[in-house]
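Should a chain be cited, it is by its letter among A, B and C, assigned in written order, with residues numbered from 1 in that chain.
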Amino acid sequence: MASATTTKGAAGRGSLNAILFYVFLVLFVLVSLFPLLWVFRMSIVTKSDLLTSPVVTLAAPPVGTSYSTVFGNPDFIQALQNSVIVAGTTTVICLFFGSICAYSIARLRFRFKNSIMTVILAISFFPAVAIIAPLFIQFTAVGIINTYWSMIIPDVVFALPLTIWILVAFFRELPRDLEEAAKVDGATTLQAFRKVIVPLAAPGVFTTAILTFIHAWNEFLFANTFTFDAAHYPVTVVIPNFATTYTTDYGAQAAGAVIVTVPLVILVLIFQRRIVSGLTAGAVKG
Amino acid sequence: MTEGTEAGASVSAGRRLNRRDFLKMSGAGLAGAALLGSTACGGGSSGSGDLIFSMGTDTSGTLQGLVDKFNKQSKDFKVQYREMPTDSGAYFDKLRTQFQAGGGDIDVIGADVIWPAQFAANGWLLDVTDKFPKSDQSQFLPGPIQTLMYEGKIYGVPWFTDAGLLYYRADLLEKSGYSEPPKTWSELEEMGLKTAKDQGIDNGFVFQGDQYEGGVCNGCEYIWTNGGNILDPADPSKVVIDSPEAAAGLATEQGIVEDGIAPQSVATYTETETDPAFLGNKAVFARNWPYMYALAGTKDYPDVKPEQIGVAPLPLAEGQTQLASALGGWNMLINAQSDMQDEAWEFVKFMTSEQSQRQRALSASLLPTRPSLYQDSEIRNTLPVVVQGEEALKNARSRPVSPYYSDMSLEMQEQFNGVVNGDTSPEDAVKALQQSLTQIVEAGS
Amino acid sequence: MTSSDRENVSSVRSAEKTRRGGWFREEFGNPERRLAYYMILPALLIILIIAFFPIMYSVVLSVTDSTVTASGSFVGVENYVEMFKNPDFLEGLKNTVIFTVASVTLEFVLGLGIALAINRAFRGRGLVRAAVLVPWAFPTVISAVMWRLMFQDQIGVIDAVANGLGIISEPILSDSTLLLIGCILVDTWKTTPFMALLLLAGLQTIPGEVYEAARVDGANVMQRFFRITMPLLKGTILVAVLFRTLDAYRVYDLFWVLSGQQLESLSTFVFKAVRISQLLFAQGNAASIFVFVSSFLIALVFIKVFGMQTSTEE
């Protein structure tokens, strides 16, 4: 995505075409963002306005009660913290093992490269739900059920293929000469990796980190299965459960959804170029 | 990448990576991870020495208030309230997960009335028969006590109770010329249709038809009020749902939707949707639990005031005399794995005492399980629903008691919901249930 | 197979012929290759232990009458037979297949259209790109919560608008067909941008001269699309579609939350069986093996029949 291709540039076309194109763009962007905007609207009305009808919701004066409910709920604050810890640890572990593995695949020669890459990729085709029962029993046996590890470990396994896949693509793009030069100067393979590749690959590694973090931040199935108290729930488990004694609290759900989404939106806005290059790195071959 | 570079640095001291270096490297990673784990995940031991008590969300705050009160007088140990999901199904799932994982750390469980058999059958609950003799049991309502019995032993203490009630808009009925709530389902249909039309209200009736536990309660009520049963009351190992009465009950439920007295969307209604429909001036009648009474006229629901609504037992089918509504409510159970069983019992006694139940009734409008409190003048004055719904409360019936209740519930949820949204005929539903429930009962014996 | 692998293989092949295990010495006798394996090992071990070992365990559970608390005895394929008689499983299979085919097709067609449309320089390109990434970055379960609120009958804006315009005549959440359509649309909303970005990146690797040459030769728009764009994009399309297909085939949280646990998919069936039911635990394991094996077969079809490349080598 380095430079925009201009083969079909809008310049030479009539202005009608250009207008149509922008109408299409605006529609497209609106459809993409509409749910977030609407849920934001739902999060800033009173309960009685929210429950009357969508029309009333649209016109109601803004109030912050849902946000004070959500932020007043210690479990939600705890859940935000849990999500950050789980997603952060997952990212660090994935990058550590993933970059070592990816470097080997991208740079070194050995026989079973393709088979190994296929095995790693097979994991991303793996139905997560298929292993929750056995994992539950194993985690219980080793005593890590209902800990951060019961989420981090499966998260790592399902994020690693993605991490490796993207990192291999990034490492391949790096010039080989510098590394060779370092080796000629007497550096070992690992030194070459650490001193040459790691700094050069930093942007790619950073991109991979964002993608891995989002992946882990969004995980629900493992978290919902392997944790059972508020001290360990991440936000994805807490928000759908927002409720009062007998009923679901829609306003709080909406507010919670907005709160956990806004950081992601900001992340995406700032790093969109990197994210796109990371997402497409593995899938598109030159 | 800090971990990566550090590990790399420790290795670069040697000339070449040999196996030992490699092991060190990965060992360092794992040790680092384990260290992180031990500092970050002290979950299991958190608040050791405290008694942990679990219960769904309590927005009234009285639960925490009572726990605080208990903690103030208790010298030897403190109680921690652990909040669980409001949705009974989600809460159940969390508890069961925990029990399967070896018991967990919850000592006292605030538990839905449908759970004890299932937990007790797995040996997860403390048998309190010795602590809670018949003479003490007799001070509680018999219905809730019944939900705690499994194979002749009792596994907890009733805490608060619930029964399905018929809410009606007394003001609207009066304007349309009715002085009394309906006694039969056909009266309800007729009154609902006419009043809704006369007074310009969207719906005649709303109830909970969604595919969830509440949908089971509603479905059972239609079956019972038509004289049908799920299991044979004389022999609970016999499934008797495939009867004309049960089919007629479900036909009533379906007919109410098909004839337009209730909106089609009741097939998606839980309590969450029922409150705003009835208290938002959009329905003449509603079936709900007692808690809804206290919400009328509050800031969330300003449209309908308490004096505009009345409460009555659920209607019956033509020719039936036995009132029935689903028994809901919550019990207090003790984890068999708890290492604080005496302390747990002390806390259970405190929470279920007359005084605590009274306080919870007055400030959270949760109905007591001690009949004596129904004579309490303050409760009768503050909670008119107690007076108006007393008849219904007395006739509350428990859903099938079975160690495989969650499987039964899944089947009933699906069939009852199919009936409400018109996908399944009442006859097919009772036939399907007869078959699947029989299988479940047989598997359990 | 790639050139570097081919080299490796041919150099070891002669040794392999003379004695068994020759490749082993060849691979591990060479320090650089040995290092390569060491570097791969940790990641591979994590994956094998956490993912493949449980699957094997699941296979074992699926041929016994185990419950979640007690291990049972061998019963052969009984659980699989029972599973195929279970109407809930069949319902889940049907819904999953419909969902996968419909959502992936929609996403592909829309994604390709969008990619073709925005494959040009224009103002606000960055903004558009960021906007389309937003649905993708959403946690699926949170977006399911949001859409459920919008589909809701009393407060839901979409239900109100759709009923108002007469597109539908009943509440979305109470009708299983509408729910399935809803899930397909929500998934399309969430992942079309992803598909579009992948395809866009693929389009940008096609050199402009190719189109110029075709234009000079008198090829029209349709001819250029089917003769140049599609063949050159085939690799990208296969990767993108396979990823999406397998992802859609595993659908769990979207169905679970959006339909309020009402709509059955293969994964929700497994979840209910192993997590909620007391009686279907072994059958749930059989179902999870079914999901695993069928996913694998789908991937195999893409690789063998459509000729997708699994290697990332250039």
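The definition used in the following text is that a residue touches a chain if its C-beta (ideal position, glycine included) is under 8 Å from a C-beta of that chain, and two chains touch if they have at least 3 such contacts.
Keep in mind that this is a model prediction, so the values were computed, not measured.
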| said: If you apply the touch rule, which chains end up adjacent to both chain A and chain C? | reply: B
| request: Report the chain whose mean Cα position is at the greatest distance from that of chain A. | output: B
| said: Quick check: how many Å separate the C-alpha centres of chain A and chain C? | reply: 16
| remark: Rounded to the nearest Å, the gap separating the Cα centres of chain B and chain C is 37
| said: Give me the residue numbers in chain A that touch at least two other chains, ranges are fine. | reply: 51-52, 97, 100, 189-190, 225, 250
| note | Listed in rising order, chain C residues that touch 2 or more other chains are 35, 42, 68, 152, 154-155, 275
| note | Residue numbers in chain B touching two or more further chains are 16-17, 29, 97, 100, 276
| query | Which residues of chain C touch chain A in their complex? | reply | 1-2, 4-5, 7-9, 12, 23, 26-27, 32-33, 35-37, 39-40, 42-44, 46-47, 50-51, 53-55, 57-58, 61, 68, 114, 117-122, 124-135, 137-143, 145-147, 149-150, 152, 154-157, 160-161, 189, 193-194, 197-198, 200-202, 204-205, 208, 211-212, 235-236, 239-240, 243, 246, 249-250, 252-253, 257, 266-267, 270-271, 274-275, 281, 284-285, 288-289, 291-292, 295-296, 299, 309-312, 314
| request: Under the touch definition given earlier, write down the residues of chain B that touch chain C in their complex. | output: 16-17, 19, 22, 26, 29, 89, 93, 97, 100, 118, 122, 209-212, 263-268, 273, 276-277, 282, 403-404, 406-407, 410, 414, 417, 420-421, 423, 440, 443
| Partner chain C, residues of chain A touching it in the complex | 1, 4-10, 21, 24-25, 28-29, 31-33, 35-36, 38-39, 42, 50-55, 57-58, 97-98, 100-101, 103-105, 108-111, 113-114, 116-135, 137-138, 153-154, 156-157, 160-161, 164-165, 168-169, 172, 189-190, 214, 217-218, 220-221, 225, 235-236, 239-240, 250, 253-254, 256-257, 260-261, 264-265, 267-269, 272-273, 275-276, 279-280, 282-286
| field | chain A-facing residues of chain B, complex | value | 1, 3-5, 7-9, 11-12, 15-17, 29, 33, 36-37, 40-41, 43-44, 46, 56-60, 82-83, 85-87, 90, 94-95, 97-98, 100-102, 104, 270-272, 275-276, 280, 289, 291-292, 299-303, 364
| query | For chain C, which residues count as touching chain B in their complex? | reply | 31, 35, 38, 42, 68-69, 88, 152-155, 170-171, 173-176, 260-262, 272, 275-280
